[in-house]
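The structure under discussion is supplied below as structure tokens; questions concerning it will follow.
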């Protein structure tokens, strides 16, 4: 483990990514207790304030402290993105691994169907699902997870197929092991590493997908401090105070970059070639 | 023959090479002294990791960034290659010194025609126009024994066979009449008969051009047949060098002697027992055919069928306690039978095991599984890298036997294959290749099986390791009277250990013969060609026997 | 590549569209909206609604409605919009044309920038140039389109006044003005793709440069330039075709947001309006057309790839 | 604030108007010609003049069609197709005299039978015209001769000439009104100042001057291009860049942005447009007036005006009337009083407050802003409000008129009667609060038949007081109607009704860019 960490920290991507993601995690965990102001209380006299000692990043259209909102919103934003990605990945991983293990007709039908689903752009798919379920954070989560699942199924399957060809799986079959043992104990642990890399990178896509859903009015609900919602609400007020738009954008960008870098770093660390 | 009056074409003096790794410096080559005069083939023999390929790249001046050359010189006809600039080296490569690689299917660019890849050497170094180079290329292909050179020039790599591709690579290496050519295991990726043809071609061309050749190989037998002199390299150091005959006759170093002893020699039989021929055979294989590939859903709609035959109606039997060898080239269907018998492939026909009919996966119950075990070629692949040895070895115990006193049993299993009990807590990647294969063997023997299928289990191992694994297998066989189905492409090896040998060719079983009489002249034509091709090293004697 | 391969791929497209049609039909059936209410509005009487439902066949079993819908589709009839009453087919295809113009320009711009960036990064692997290219990529993929679009309009239209901020002018109407209106949206769409494709080109090229045949080509004494041009680039760039085709899916999604902000009446905008207005036939048609576009682009990419890469053998 | 002219218009006479009577000095005759670009903030999905539902659609049908009368900026009516009109003593029968020689765009004459057919079509439930509830209590309509139309009303209605100016009471040819009614969804045959050139609902609607318009002087413009901008920020950018000449509906934030931009005039008029928080008065806990009043008492109306309108508005007093309406007299302004609110809650059996989900559709954005602000204000009194936003279409389908706690948004109506009858009487077209207060109904009905201005004002004031007491909906703020135009656009004013645009009076100055 420590050796792996060393490998990860050796690449600049891995090092910066890890630092950024750790920073984000700290904010997620301790953000609410660190926030200097109530993120929801309206202050008619303190609207559109710039950066100051009292309001580090200024205030928004309702006079709410942007810094506090960012600290508290991290939980909604990052947790949601991670959760949606994890759920989507798990669903995809189960479908992909099962399809690879079943092989034959079943595999072909599953994969063609997955292809078909993937021909609907994931944003559009998410839009349809949120419309179907009604707009709320939880539904957006489901939508993003569903939108991610086919892609992850595809990736998992290709990894799983290469694992399935490995002799240790043949050995397990020849030994007469049960299908569930083979999938769970022999295949999955070896499929997981590349999946984690892909998943890490997808967290940043999820953050953006959530933000975009919020922009289209289908994600988190006001007055939530979800960052994507903050940005999309801020678009209307950006000419009055740029900070409302800029700070949450930077926050989103940092998370996206952090997970992207970490994913690339993990990939390099797991790949003996580089 | 070597011209000893001239200074050597390739002269390496006191050369040392280090690699800077994150966890310290790795000394890849230490004080190497080698020289190859014009007209000579110097064989460089070493096991994997010995540094023989590093040396080749040093000579070609193609080293990774973390390489540090700490001492020595590399001279080509007296010019110090280490002092040449990049562009000077680029004009020398291919023209004055060239290289032939192990696997022609990866060393040729898949998207360029063979002709393009051959003629580009000529346009680059001999200043020919593209048209001239193309014509010259056709002539070269004729020279390397290709039947239709004009057509071959037009072909893409995937449209040519391995042997044909390697001939093109050799043609390119000889194209500019270089002073020196490095051959890096040029036949390892080829089938035995093709390999022999390529080797013959190389020897012929070498004699014709008198090029100084460094022939790098792990195969001592092969080197002995090709080279005039041989150098043995081990852990970055030249252990011993000298004329082939001298080395084989009286090796000075123990390591060299070990290497020589490990080379399989059919004249030295390792089994004395004979299987019990009375009573029924343990396994009877009746008309078993295997077809690969399946008709896809969409293909079936469009009427395309995609089926490849792996085995055609193979029939044979294995007696109790017998070692039955199966030999054949890659693609001959020898592993297919193993997969059919272990339920990894569907098959048609019937297999009788101990009087019980097995027609497919559904008949392979726990009792059958317990009795029939398989060991694979690559221990790296057959041991799950995420499981500890303990878990790997516990599976057969849990599946077939009693899982009581697991640790005790696992320890005993490790000892049976001559591994320390403490290895149970290790992961596969913490073991060497030979150790891993021993673990795989231990796993197979855990259930006290009556038949163990060994699918090329030694071909990924170095010769010395191979010898010890074979010894272990034979010992286990003696103890438990297990029957082996021993699949290999190495005829010499199987002639040492098998009772009977089945020869397969392109999915067909050619014949089954007693190991001792396999070289009799009234064998099938293919068998005879095979025997001829892999004749044991002529001058070799066996000091240890 | 044989005719039967092409036939097989075409049948996959048919299957894809069938699955998509089922999904989209299912979703639109469950969507909380009553087509009759959508058509007649909030002021309709119950009798009028019932009469309309009857005439639209909304009271028939779902599978029959699906069959009817599919039957009309096969005759090229996408039905009429519940919102505007116009025939959907012509409207959607005209919108698709505008989106495709946007998409093609974006892909073009992306290729012109991303491929050289990827090549530079691969050759200069681990050096400053590589880091810079990575940095650009990371920033490119770090912001959602609606933010980049907002910033782009703010900077290049409002502040600098170099470009028209928004709107759509058909190229046939006024070519220069039409093109000027497309610059910002095309740039916004390209950014994420540039990041993705330049990284793919880089990693493909790095892989190829590490391959045996590149080493073999070097050992023939070919200069680095020749090796790169003749041996490496072709092999590294071929897979880009497939990647770009797969990115079309992402592009079609991005188009939704970009068209919304830049007021481009493309298919993405049509879909958003349709979804917001619960215009079910338009949603169905729009999603189906998008999926078909994606499938056909990928089919074309496969054919192109196979044509360029002789190695690939199809049954 | 516009000074409202108040005069009774029982009978109007059609002076031939050469200039709009807007109360400001007309410097020179308007220049003729030119192309005007107008932006709208959502697609104009419907151009059927009897079926339109939103402001951008009204803008288009106003250009293409005529009513019998039309609203001026001061909310009084002037002649359109009708030259003059009069009523009987009881205000139950109204006679309109039509202009002669008016032609539809297809060249056919427009006569009384067309008017009759149009109103019959509006009233036909099968056509589901939104105007059915807004054109007054018409019992019968007939055409004694080619230029006379007589309306018989079911009850006295003083505001009838205003109600025929309603946005969906545009006159269409009789052969369409009785024949292929739907055909006007994609084409336009009206008598309006402009003719339809092209119609792409989501992008661009183009109209050109109708040379046969009944007033030879108007319109001044040759052509109007109406462009759809789904994104308000982009719309503002287009105005700054000079790509559009008029923004028909402007958000307060964009107003602040455009204010001071070179070449741009921002426009503002106080209005009776408002957002309200509707209670289902038949659903607990909102069936208790004390609960409704308690919530109303939590609202800091001044702050609300700031939050929701950026200051472009006026505080509301939980009644739909304000100074922009005729017959308005203010009742005592409600102020935030948390202590009183808590007391009322305790009396109503909610000493610890209560929890409720407030639904706000996503368009326009002020609904959400209002909900968020209310959530915070109500917190003080221990009321927990969860805000739920949803797409407008879902809202219309699932919540509007059905929900019991949601945010509404309404244009100013031409008359007090218009707004009360639209939303608050028991027989209101959209009786979303289900308040069903008989005393209130009686007051409104009485006012309908009253011509005396003072008496009418008194009746409406009583109605207001009743609403203020019972609070069927909280009306925390009224919005100013905002707009913007380029300097070169002349004679354009934003209309407090927000759905009236009068672009036929607009002209372009010499500074305007020439457009092909």
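Letters A, B, C and D mark the chains as written, and numbering starts fresh at 1 in each.
In this section, a residue touches a chain if its C-beta (ideal position, glycine included) is under 8 Å from a C-beta of that chain, and two chains touch if they have at least 3 such contacts.
On a predicted model such as this, the values are computed, not experimentally measured, just so you know.
If you compare A-D with B-C, the chain pair joined by more contacting C-beta pairs is B-C.
Seen from the Cα centre of subunit B, the chain whose own Cα centre is farthest off is D. If each chain is reduced to the centroid of its CA atoms, subunit B and subunit D end up 88 Å from each other. In terms of their C-alpha centroids, the spacing between subunit A and subunit D amounts to 45 Å.
Distance from the subunit A centre to the subunit B centre is 46 Å, each centre being the mean of its Cα atoms. Residue positions 298 of subunit B each touch two or more of the other chains.
Residue positions of subunit C touching 2 or more other chains, listed in rising order: 12, 15, 32, 150, 260, 272, 275.
Along subunit D, residues 233, 391, 394 each make contact with two or more other chains. Residue ranges on subunit C touching subunit D, taken from their complex, read 32-34, 37-38, 40-45, 47-48, 51, 83-86, 150, 153, 157-158, 161, 164-168, 174, 260-263, 265, 269-270, 272-273, 275-278.
On subunit D, the positions that touch subunit A within their shared complex are 232-233, 236, 251, 253-254, 256-257, 300, 302-303, 306-307, 362, 365, 368, 371-373, 375-377, 387-391, 394. Subunit B meets subunit A in the complex at residues 22, 294, 296-298, 339, 342-344, 364-366, 369, 373-374, 376-378, 381-387, 395-396, 399, 440, 443. If you check the complex, the residues on subunit B that touch subunit C are 60, 62, 87, 90-95, 98-99, 101, 103, 106-112, 117, 120-121, 124-125, 156-158, 169, 172, 298-299, 301-304, 306.
Considering their complex, residues 4, 7-8, 11-12, 15, 211-224, 226, 230-231, 234-235, 238, 309-311, 313, 315 of subunit C touch subunit B.
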